């Protein structure tokens, strides 16, 4: 797979100075920079002229024109297919799916077309296409709570990116737009939020973003907290819970290494293996239902490649194998929380 | 070609239905239900702003005449499918306001036991299929309810509510074709409120009317003024009668308007002032109230009594909803399988 | 209502286009291509029956006039999207028969290097997007090719082939609406061959013509006799010119017929004898051959020479395909990512 | 989950006498019996009046009427949704998807509607619905080669059944039709075939089917071959490869226990754990791409529940993480074969 390369990348707008941004602001900057640097980039989706469901495109239509920030009819199948066609002709569409959940009404265009056309044609075409898919449970009931990464993790021919902070969100979105492949750009709904509005969780999705241009490469995970006793791999919003859990356990003398894979496809499995070879224990945390997701695959790889380094059964936290219930106490009980992560770590350590 | 489509969509004039279409008692019932929906939504909005209704809400204030006019044309035994903007559809079909409100608040006493919330309200025991929030997806399902009615010989008709924005979804088209080919007893009921979320209808449709699309499947299509319940009733009744008689589906488009933004936090600033002004003048509730007084001779006091009874009902509903507990967390593991 | 749709779909009479629409040299080229497609398919069928073509095949014998008439109306730089029944579409757009045949045989010399097979033939370098076998899915993609042409100002038109059965797919409707709203240079080209696999058109459509559905999006829709290349050319040319001039999309329906079953092992026994008889009499190839002789004065010898050159080309193509090796198995790991 | 119960089940047509049937014939019998016993059962799909793509419904329209063997327009979204509505009203539709792959054009109806409506309504409705989904690679290129079970294994609210022989196919199809839930009935394309036609593989999909009525319960796996040295779990067509491999390895003194889970959701994980506790070694074989499928989840459960019983890294064979190529030698190289299973077992045993 080709990695974006800053040296050959088109020059982008410099913004200057380190700033504290939300994920939404960081994504907006990435879009703005890439659109300024490259004419062929454009955004399309429902209601994005006025900012879209999460305000990612706020102000963009005014600056870039409604031809490059394109409001679509409610025709997910139609406009995702249209984006594929445009990409085949050399344009670089970014499709805002409003809620990732709506992608299911266009699933064939992703599963059968976007991910396979290059392969079936023997490399005749390429499809540089980014799908923005807000994911996860956020108080709206089961049809707006799917973990999109879970459904498409096993689909060959696409990349999946799941940043959990503004720095990664900007750097990865820029890399995704420059990538010549289909990239699912998946951010948990609870990580969106503007600076003015209260975030839904204690941990924030606000962070430092440099003014200088930078990219975060697709396929490279990151050790967020170093530790000795156990490796915890988590992404999206549950990563923040894991980080909180790690801090709490420090007091108990448990040293937790927390890894954010940042991208799921390709997955930086080497980083996890390396860490597990040091800590000899592993916990995986995902928000998707337990039967799905990327965690089981990571476990199967760890068992294959580092079986003799593992000292205790590998633990995993995920949502119940149910749709997500609406009632807030039920929703909270359905997904991994800081509390449950703390308990799971204790159990792996103390047996 | 290309046809220029007018951006300005103002209410059609002189489009009300004859007052003597329905007996006065029924008309009073229509008024009561319109008023109940309006007040219910106002309560919901209030509770939402005070943080008592979690998640998101889509209010239907302004569209009450379409909902109630449609429902009067249906029998109690008939079925409806609901949209994301479903509170009023549910109430008009006979869903209990107390259970409805409790559902919005995620309580055990909710019509869906708190599992659905605002986007999924409904009570199948009164024929209101708990709402489907993925737009377009309900149309095939409604067509299946109709297929069952035809096979089982129940004589039931299904009314599939959808919005003007939803008319761009392929699912609706597949469903309309299936219903036409198999002559199923379904009425495709478009609440055309001029917008899909923040986007104006002229941005997603070259047609002046959604009902133009019915001909693509050789089914009748008609557009009526949606802010008068009698105009709506008149058109829907024709469609329902045809469906019940085995004549197959129809598309009825009701031209109406949202008085609020698309959802909870939307000020609807994207709307044209002239358009908003023209439509806000047509508030269906005072208009129908006036018609009742002037054309049917219903007394001011009678109307006031109706309104008072609605307020009482809503106070009781709020009491019920607030007192209803949250479901036990174990309930989250129920209802996955039958 | 309901409208009774005739089950019998016989060829329209007197529906050929004027012979002087195109210069004689072009007409000869049209004949050559029609003949090439027919003979190519005959070779494919033969090889399939001998086990030399793996997988499945969908032959287009009988539909040649539609394909070639359409292609003459398009420029070399224009784009087409292909269906599961795509061999003839590919050839008509200029895909090399040798590479095409090698593809059907899964060989390294195939136009898609053996990765696609019969269901996915195409050569993007001549504007034929490798075929999409999920019916309906190509319409949005074609619309995207057209969007790019409009943005890039290339003046290109995209022609989206689809079948009468595919007209029941929602994707097509979403694409037609998008193309209409955004005035994109695309022609929706329906090869109406009366069947979706084994199912007769009257089972899935109340309409007499697929083109009736264009009005649902306020775009022009027309139906023409699809077994005469000039009738097809005439109609498609209008649509292409409009699209190229910025006038947006059209729907052109070509009424034609499959001479074979739906696919490899289908004897097509489900067809009505009268229907089959009426259509088989209209074989586009001898009919156009006669027109060339009678109306254009093309000599028997000229036609024979054309036919001989086609046979030579196909012998060479078979030689190429048979000699082309299978791809190295490592190739299966290529082309997943760019 | 409710299990079908023969004692309360409606009486069915008796066919009498043990017969050797193909999977297709067995499924046809199941449909015929269930339709005869229960008016509310009907079949719908494209071209099924003349038998459908795999001749499963051959002759049924004549006997049951075209009202109960219903040809649909090519409108997967429309008719799957329609079947959901009909099921809500108490009918019991069996939807033939022709090729499973076409389901992606109706994915929303399965993922967001069929699997969630009961849950979101707080149990107000139930949806007795069977989808027939021929699955897997069979020489037609990538768009007709998806492993359907892989995409939906993680979806809560449905059941997934994958019989590999006529006996199970009949018994499980009858159970599926009587089940009050959404059941994906998934058979590999290479296992279809009529007795007259040569099957694509050496191993056959022809087998004994009793004349007496019987059901195979959903959720119960089966040990097909007993063995001591290693447990192999495989289903669908690769199960047949695994059985061939087991026979070959007998000669080398390797005793292989082969398990067919038969149903993936619910998965009879206890059976696998029990076996692994005996053999201490595990190989999983699936046809889907390696990043997907049910295998990783089984590994994660085995590690969680039987970690200390495992003596060697758990092995897994699956397809490449690519779409399926058309060219026959490439397709063969992409999926697990008998040869590769033999090698994998040797490697687990000999290290």
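Read from first to last, the chains carry the letters A, B, C and D; within each, the first residue is number 1.
Quick note on the criterion: a residue touches a chain if its C-beta (ideal position, glycine included) is under 8 Å from a C-beta of that chain, and two chains touch if they have at least 3 such contacts.
Keep in mind it's a predicted model, so treat the numbers as computed, not measured.
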item	value
Most widely separated chain from subunit A, with each centre as the mean of CA atoms	C
Result of counting contacting C-beta pairs for B-D and C-D, higher pair	B-D
For subunit A paired with subunit D, centre-to-centre distance based on mean C-alpha positions, whole Å	32
Subunit A and subunit B: spacing of chain centres that average the CA atoms, whole Å	37
Distance between the centres, which are taken as Cα means, of subunit D and subunit B, whole angstrom	42
Numbers and ranges of subunit D residues touching at least 2 other chains	72-73, 75, 77-78, 101, 104-105, 108, 112, 119-120, 141-143, 156-157, 320-323, 325-326
Residues within subunit B bordering two or more other chains	110, 112, 114-116, 120, 132, 134, 137, 168-171, 174, 177, 181, 203-205, 336
Touching residues on subunit D, where the partner in the complex is subunit A	101, 104-105, 107-108, 111-112, 115-116, 119-120, 141-143, 146, 150-151, 153-157, 265, 288-289, 291-293, 295-297, 299-300, 303-305, 307, 310, 312-316, 320-323, 325-326
Subunit C residues touching subunit B - in the complex, by the definition given at the top	1-3, 168-174, 177, 180-181, 183, 203-207, 212-213, 215-220, 242, 247-248
Subunit A - residues contacting subunit C, complex	1-2, 67, 72-73, 75, 77-91, 108-109, 112-113, 117-128, 156-157, 159, 180-181
Contact set on subunit B toward subunit A in their complex	54-56, 106-107, 110, 112, 114-117, 119-120, 132-137, 165-166, 168-171, 196-199, 203-205, 270, 326-327, 329, 331-333, 336
Subunit B-touching residues of subunit A, taken from the complex the two chains share	46-47, 49-50, 71-75, 77-78, 101-102, 104-105, 139-144, 320-323, 325-331, 333-334
